[in-house]
Amino acid sequence: MTVLVDAATRVVVQGITGHQGTVHTRQMKLFGTAVVAGVTPGKGGTEVDGVPVFDAVREAVDTTQANAACIFVPAPYAKDALIESVDAGIRLAVVVTEHIPFHDMLVMYHYARSKGTRIIGPNCPGIASPGKAKVGIIPNVVFRPGRVGVISRSGTLTYEIVNGITEHGLGQSTCIGLGGDPVVGTSFVDALPLFQADPETDLLVMVGEIGGTAEEEAAEYIHGHVTKPVVAYIAGRSAPPGKRMGHAGAIITRGRGTAESKVAALEKAGAQVARFPYEVPEMVAAIAARQARR
Amino acid sequence: MVKLAEWRGKELFRKYGVPLPIGQVARTPAEAEQLTRSGTVPLPCVVKAQVLAGGRAKGGAVRFANTPEEARAAAQGILGLEFKGETVKEVLLEQKLALGRELYLSFTLDRSARLPILIVSAQGGVEIESVDDAAIARIPVDPFPGLAAYERRRAAQELGLSGPVAASLDRLLSALWRLFQQEDAELVEINPLAVVGEGLVALDAKVIIEDDAGFRHPEYSDIRDDRTPLEEIAREKEIAFVQLDGNIGVIANGAGLTMATLDVLKEFGGNPGVFLDLGGTDDPKKVTEAFLLMAQAKPRAVFLNIFGGVTRCDTVAKGLVAAMDQVPPGERFPLVARIRGNNEREGIEILRAAGITSIPSLKDSAQAVVAAARGSA
Amino acid sequence: MVKLAEWRGKELFRKYGVPLPIGQVARTPAEAEQLTRSGTVPLPCVVKAQVLAGGRAKGGAVRFANTPEEARAAAQGILGLEFKGETVKEVLLEQKLALGRELYLSFTLDRSARLPILIVSAQGGVEIESVDDAAIARIPVDPFPGLAAYERRRAAQELGLSGPVAASLDRLLSALWRLFQQEDAELVEINPLAVVGEGLVALDAKVIIEDDAGFRHPEYSDIRDDRTPLEEIAREKEIAFVQLDGNIGVIANGAGLTMATLDVLKEFGGNPGVFLDLGGTDDPKKVTEAFLLMAQAKPRAVFLNIFGGVTRCDTVAKGLVAAMDQVPPGERFPLVARIRGNNEREGIEILRAAGITSIPSLKDSAQAVVAAARGSA
Amino acid sequence: MTVLVDAATRVVVQGITGHQGTVHTRQMKLFGTAVVAGVTPGKGGTEVDGVPVFDAVREAVDTTQANAACIFVPAPYAKDALIESVDAGIRLAVVVTEHIPFHDMLVMYHYARSKGTRIIGPNCPGIASPGKAKVGIIPNVVFRPGRVGVISRSGTLTYEIVNGITEHGLGQSTCIGLGGDPVVGTSFVDALPLFQADPETDLLVMVGEIGGTAEEEAAEYIHGHVTKPVVAYIAGRSAPPGKRMGHAGAIITRGRGTAESKVAALEKAGAQVARFPYEVPEMVAAIAARQARR
């Protein structure tokens, strides 16, 4: 196991017969992931891209020993889909679905937690460990195996930065896109210890956004617990206060959660904070070069 | 984010059993007079502009009336007012009560704890942001067992309530908690919550319903936010679209990348005016629609910054090229494109065929669009 | 354990939206005729005795009617019937439907899993105990998220339903789950649940409400169980009291000790007839009441077996001695006492003063009371 | 720690100002238990038998470092009382209250479990470890320190049997009265491993009842995991089918959970099963004598 996924990861895709489910099943397989099953109620017995489709997650797990779920089902049914996975014994559930009401997500989070299932997302690109497995939708092309761990609240900005790292001749150990919704299954603080403990990760990239206080909490955690170098970037420094930038995670509320407070907290914790996304790969490359010299 | 006007919030309060002053909405001065003359709203009464912005009392949007004539005059004075960008179309008339202490109370989400949170303060009647942190109590609530009796008792204690008023708070909190959950609220706020005799009365109501829960609440689909007309069209087409004061249009995909693009443009002296987030669309028609919407905002220059994931570069390129032809010649603008990621090669080829060059570096492309905006000024 | 008659169960079903045949209760033959003549209950119809025991169809307590006259005759034939110890006071008249398959469905508690459980079987219409275990599906339900969609789908699959009938089941299960929780039911059972056209209809309704939840459901306080008159008095006085065929009365405290006492009495050839469990009372008056209730059951001999915990030995002794004087001389009976535990010494002393010896050993005391019952025969 | 309680156990009594709360606070103290706090909303600032009373469990815990709760509050409020304890970080909650609706108890059980709090009860006599601590209402007089572990579903029958063991000159390591309600926080299967692992317990007594299948499940567990000798007694062998004996746990349903099936299962698992309560101490004494000889 690198972080959460590895070659033993066996994925069941919930909502596999939908457009996104089908497209990303193919992409996950091309990445080298063992996508062993799909689930769409009523479509049991069919196949998608060679992957057997079941009516229920329990059947899929019993038949294929799936241990991770990738959820594409529409928002109104996402809560139920997650509960089904949890009850079937799935330990890692990546929820790609966007627009899930946070009241639903509260139930999902606390139920999954009480049963020992980790959620990544919702509204997230998922997790990928190049050369091992991908559960989610991050484009395959941006990756290259390596020793940089990436944790991000963004979607496409993650791809942009991962791609930049790859273009600088480096690679990634694992990349997690946490999702930017108000309630996320895995936060920076939850993900940081996994990378700190991961022997395949040498340095960490953290991509944050304005809104919420997840980056400030991450900074506190880094201060006490993370010894690996951290390069951070916070998007939205120039965003106008009070306007939404596409999702609820990006509202500046009451002076808390501003770019300034996040940057200050991270710098205080010893992280290098990039001012622009294209500076991240440069900083990473410089640290990697120093690490290589040691 | 569906913000309910005070009177609509209070309709919900009534439904769930939160105690309110007697009141009713009027849309004309005559109606205001009639409501008070008939005794439907007892006198003396308060006449309040139904706008979403705060600070109404200071802004002259709240008046008092002792007679039906005064109620009419108050409504006359408020209806049609421009208040912080909103035009007042409704007033709420409510009996004026003999108030005791004024408290603050709300349910909202604590993102860090991933729990609903009950916030109370004995210092109500003012903006909660201005209250000293030590005077605000935060009580997290677990959604499984729901709001517990001991949490309601703690709220009473924090508010300094006991006896029948505490019992009234207990009932009010249970009602409000049900409302918060069942209506999929992001925020339910009562400020001020007034002690009246041995009970409590909600003098104001601020309820925000979560957009994403719209599929469970068709009853809120008619409520408009404070959007510009173009933003409203965008909303109907499900395109995230924000209009500001600048002159550069930005089309990107994903909130993070959109914000990062903004940051970079500002760095190079650009002044972004419209942001359009394509999100995870993979439909060329939607890209065309988005682009035409952007054209209507009349930007000096447009920056297309796409990193293909779910959205593929060729899809965006196709949609863009299709849109370019539909923009009337007088409304055309310089376009700088940067498309990366999934099907990048195909997308670049489609753009090139239409005479558009994709600049791979974010830095270079941002500088190019800033220059273009200046050039076309 | 509050068992609801079929018609009351169906009233609940209606409230929660579980589909039912058109039907109504009649308490006289004339009423039955009138209900069918007026079309309130369409013909042909079924006339069903409203008793709690099962096996009504076999026992002649369910009849059919094609005309109002036949409905009257059927009601006439059933009302007043003695059915397994119950007198029929009400009949339920329901339209007769063209039935498809008959299914079984219930919600109850799985004690071992500590979870509510949904039980379904495609073999409905017969006693579920007689159905092969392999034909019964058990679906546990977590009370936190509640009955999930995938669990409802699984039930449909187990019942072999699809299309509109499965959709009907989905709604029915959601409704029944809410009923199970909100009414504090121990059991909600539909047997048979019939496929009628493209929908489902609950032909029977068995609902048992938990006694302990009575504080939330005063609406069930008028419902009597199948208790003897003495058991009913005991219930009102909140004394656990069970009447059987034997001749030895047992007063003990705690269910386990009461049962153990029974086991020992049987071992020595005794035949216990009335058990009275004082539970955790510590009120001498209650002990007196219990003792006088015991006297009314006219036992040949009484065994008082108390282990003092919450209930103290001296309390019991005081209550007992007070009661002894109130039993009329003709109704007195031999008493063997064994009191142990908290305040044992004080209790023994009080009994001794009243001429009663406490025998410390359970074995010895049990043998003594069996002998006393024989002696007084 | 013996089993769940020891000298470090610090008890907060919820509902301390009620009759039972007051009486048993005194008894627990006489047993040697550190009863450090009581809670009755509205009675904060008073004292019961020298024990300070608080308005809320959180205050009690903050002030007195209580770590175990003994709940006497009436049934309609018991669920809330338990949730309050769980949220205040109490790890062991003995619920003495009877007549709690099982729908409430389901919430209590699953909520407590998700937060790592163990419930004993409801409707139970609690737990006692002679010479260490008692949380509950078992009469002090029946105990004597020793090496017999007792697990029981009954109330007074437990006292009877513990007393018998004491009268035979032996003593108890820990005694747990599980309660006989349909849903219990701790079952035989939950309690058995604690006694098996407890170095202060040499042999086990299990007191069961007809109804439910807890004893059958215990037998299965014993078969695979319990190496210490087990003496069992099942009450209700002569109980008439279908009649209630005082609580819902004592209904014989559908041929399952009969005395016969329980006795057979336990004997098959290697337990000695007494036919009458007074045989239990005799069997225990015989085993203890053999153990002493080794």
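Each chain gets a letter, A, B, C and D, in the order it is written, and its residues are counted from 1.
Simple rule for what comes next: a contact is a pair of C-beta atoms (placed from the backbone, for glycine too) under 8 Å apart; a residue touches a chain by one contact, two chains touch by 3 or more.
These numbers were taken from a predicted model, which means no experiment stands behind them.
With steps allowed only between chains in touch, the distance from chain B over to chain C comes to 2.
Of the two chain pairs examined here, B-D and A-B, it is A-B that is joined by more C-beta pairs in contact. Computed from the mean C-alpha positions, the centre of chain B lies at a distance of 54 Å from the centre of chain D. We define each chain's centre as the mean of its Cα atoms; on that basis chain A and chain D are separated by 46 Å.
Centre-to-centre separation between chain C and chain D, using Cα means, comes to 28 Å.
Listed for chain D are residues 107, 110, 114, each touching two or more other chains. Across the assembly, chain C contributes residues 142, 144 that each touch 2 or more other chains. Here chain A touches chain C in the complex through residues 41, 55-57, 77, 79-81, 83-84, 87, 107, 110-111, 114, going by the rule given at the top. Chain A contributes residues 19-20, 23, 75-76, 98-103, 106-107, 109-110, 125, 137-139, 141-142, 152-160, 163, 180, 182-183, 187, 207, 209-210, 212-214, 217, 233, 235-240, 243-250, 254, 275-278 to its touches with chain B in the complex.
Interface residues of chain B, counted against chain A in their complex, comprise 1, 109, 111-112, 114-116, 129, 142-144, 181, 184, 186, 210-213, 215-216, 240, 242, 244, 252-260, 262-267, 275, 277, 279-280, 282, 306-311, 340-342, 344, 361-363.
Interface of chain B with chain D (complex): residues 142, 144-145, 148-150, 153-154, 157.
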